[in-house]
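Chains here go by letter, A, B and C, matching the order in which they are written, and residues are numbered from 1 within each.
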Amino acid sequence: MALSITNINKSFEGLQALSDITFSVREGELFGLIGPDGSGKTTLFRIITTLLLPDRGEVDLFGLDVLKNYKKIRQLIGYMAGRFSLYHDLTVEENLKFYATVFGTTIEKNYDLIKDVYCQIEPFKTRRAGKLSGGMKQKLALSCALIHKPGLLVLDEPTTGVDAVSRMEFWDMLKRLQKRGITILVSTPYMDEASLCDRVGLIQKGNLLSVNKPENIIAGYQRELLSVSSDNLYKLVNDLRNEKNTHSAFLFGQSVHLTRKEGKASAKQVIKYLQDKGHESIHINVIKPGIEDCFMDLMNEEDEMALSG
Amino acid sequence: MSEQKETIITVKNLVKKFGNFKANDNLSFEVFKGEIFGFLGANGAGKTTAIKILCGLWAPTSGEINVAGFDIYNQTEQIKKNIGYMSQKFSLYEDITVFENIRLFGGIYGLSRREIAQRATDLMQRLDLEHSRDKLISSLPLGWRQKLAFSVAILHNPKLVFLDEPTGGVDPVTRRKFWDQIYEAADRGITVFVTTHYMDEAEYCDRVSIMVDGRIADLDTPSALKGKYRVKNMNEVFLKIARIKPDENN
Amino acid sequence: MKRFWGFILKEFLHIFRDPRTMLILFGMPIVQILLFGYVITNELKDIKIAILDQSKDPVTIELTNKIISSGFFILDRNIKNMNEVEDIFKEGNVRQVIVFESGFGRKLKREGTASIQLIADASDANTANLVVHYTMAIIGDFVREQNKLTGTPIQFIPEVRMLYNNELKGVYMFIPGIMAMILILVSAMMTSISIVREKELGTMETLLVSPLRPAQIILGKVTPYVVLSFINAVTIIAMGSLVFGMPVQGSMILLLAESILYILLGLSLGILISTITRTQQNAMFISLFALMLPTILLSGFIFPVENMPKILQWLSLLMPPRWFITIIKNIMLKGTGLMYVWKETLILIVMTTLFLGLSIRKFKIRLE
């Protein structure tokens, strides 16, 4: 195990930020922590990278206790805390040199590791970091996090607020880095990026809802998922929500993902109901759930449990 | 179904230059009344510039622009009375309460005291915020703030509302609840002009335009675009279109 | 060790690339040394005086010449009678009037002494003190010279009158200065910070897209500060009067009106600052260093302007506080009406209009 986290708890001024977080990351794995704003991702990362102390629990990194060996740990981890951990008034090259020097190495020593990423911004190496576009800042920040050849790369929401093309390119780079044996822990609010990871942890309001391979999470989805479309999407989602046997009805692109209460099957019933409501061009399929469906299902369960518990 | 629709925004040959740099290069498009129009594009493609021009914040270098029936050059004041705006950075003041924010913006939009009181009650009921009436905005969670900001942006029932990346970072359930609000507004006849990075949200729009390098690379309904590029979803449409150019030269 | 140096190098780079820091590190010491070197001086130079010579005989003429050629004083004019004294002080250029009684020379020969009156404008107590002492030193010198020459001992005991502030209370100088400084600081700095904060938060955009006109937004931001600054002004005047006994000889209404004008000037300056800065930090920085320091040094608040090198004197002309202090002193201590301060008032009005005009233009352009 590269990283092992056991029963981490952390609260701030009465607010429970993390509750009993337990999971582990294998060496060479690309692990994704998926969850919305305020779910606790950043807090957890700060604990792992020794910036924060947990209230309770243990973190082990490459066999070392993180809480006791923070000096050694900081050498082993490459941390990218959001896109703006760069110095805006220093150039690309100066930023990189600085991080290299601080970690006791040089750009040349580990150049082949960052080459893949850095070569895309190298033509701009005398430009001030503040004047780079979002995508280029990402690449620079990644290079700076890698320059000292860390064993574990911890990336906190590196793709937030960046357009889809740059996001794709970034994940391509991560995959290539993984092939070189670096263990990578990434957090993101984008559910579609989950399928790009080896394993994912779904986190919501400080609770880990599930930890597994993406395909297993999907396989673990217990309900029958129907995709419904008609000629009027807005009316459709409202009518389905008001139908008494509906468990959940959510907009997904041009259709509605519908789950029904236990034992109430039959797409035919739904079709009839919608016809009665005046819908036309009704299509219903049973579909395989995506990560987002699973996430929302788990979130709903958490809420229901919280309400009844 | 849809006959000849009334247009609410007409843009002809919009050009915006900053020095020698053309942020918007000859844009021409229309937005129809009551539709949900998605305005997509990579960072730096010129989306934000175009929106600011349509809102009357910035003046174009050249081009004909008509918003809500008014000319952008001479009738900016009337335009502002007929539109709503929700920026990325949040439009609400964090150090005053929910109700005080509603009252403030109601006043700015020229609503009478009675109208404000009534719409405030309606709004808070619909959003389930009655118990938070006197709470400071800063104490509300992110998702609530966004929903409230949207409601406040359309408090005066404008013809058209501009939303600049309104759903950044929230969980998928809250995002959908937000789009419920958008749908409701569109149902009421309010045209919604929205930009977003979430490609699945692009699917909820009636029509979508994709900007690349200051121009509109393509504009059509999501299904037509998916058919044209032979892909399954809007994400792939975007990747196909926006990947034409190599890495950026700021 | 290498890491440490790497870190230090980065810090140096930050410093050299931040214009603000460079200004503080290098610009300020130089400016300050120059300013303080030239401005703080206990020496007198070019002080304007007037002479009322009721005698005009060889002795008075010789003494007058000696005083004028000392290099400390400049003869502004000769006045003809005591009635003109009040007026000339109200005009504000002359710091001292020397009065020789009629029949000066004869009386001196007969009695060995004659009457000299030194009437000083003590609305600036420090300078008045200095002026009187210098004059008396010159007179003392004259006496010694004469005694050596003639052998008939003479002596003068000049009668000193400190006008407007006969106890030479320092507070009479400070209250106007403090008022000028606080009002402009509060109006300019607070206004600019308030506007810039809205920009920083991002809510300014939303306001601009609303039906509110830019002018309304600015006025709305500025109005609370007008009210508060006015309350400040009244408080300072009241405290000066009740606690320190500073009089308001002239019209209170005129005083308050001028204060309001000055506050408006500060506000328009604040608006102008807000159009050229993007962060609250910068706004505060500019307000403090571009306003407070020059106010203290160059407005004549503490150090008389006449003593400064020509360049600084001209610079002082650009300082609104300088004009305002003159106005307040005139009204409070000398009891003058608008007639005597119309020039300064006009200057303030012109400045306010200029700042407002510039701000409006810049604000419109900024929307681009």
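In this section, a residue touches a chain if its C-beta (ideal position, glycine included) is under 8 Å from a C-beta of that chain, and two chains touch if they have at least 3 such contacts.
Not measured: the values here are computed from a predicted model.
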| item | value |
| --- | --- |
| Chain closest to the middle [Cα centroid of all protein chains] | B |
| By number of C-beta contact pairs, the top two chains | A-B |
| Cα-centroid distance, chain A relative to chain B, in whole angstrom | 27 |
| Chain B-chain C separation of Cα centroids, rounded to whole Å | 54 |
| Cα-centroid distance, chain A relative to chain C, in whole angstrom | 64 |
| Chain B, residues touching no fewer than two other chains | none |
| Shared interface positions of chain C, touching two or more other chains | none |
| Of all residues in chain B, those that touch chain A in their complex | 41-44, 141-142, 168-174, 176, 179-180, 183-184, 186-187, 197-200, 203-204, 222-223, 233-235, 238-239, 242-243, 247-248, 250 |
| Contacting residues of chain B [partner chain C, same complex] | 55-59, 77, 80-81, 83, 85-93, 105, 108-110, 162 |
| Contact set on chain A toward chain C in their complex | 87, 89-90, 94, 97-98, 100-104 |
| Partner chain A, residues of chain C touching it in the complex | 2-3, 5-7, 9-10, 13-14, 17-18 |
| Residues of chain A touching chain B in the complex | 35-39, 120, 124, 127, 131-136, 160-166, 168, 189-192, 204, 233-234, 237, 250-254, 292, 295-296, 299-300 |
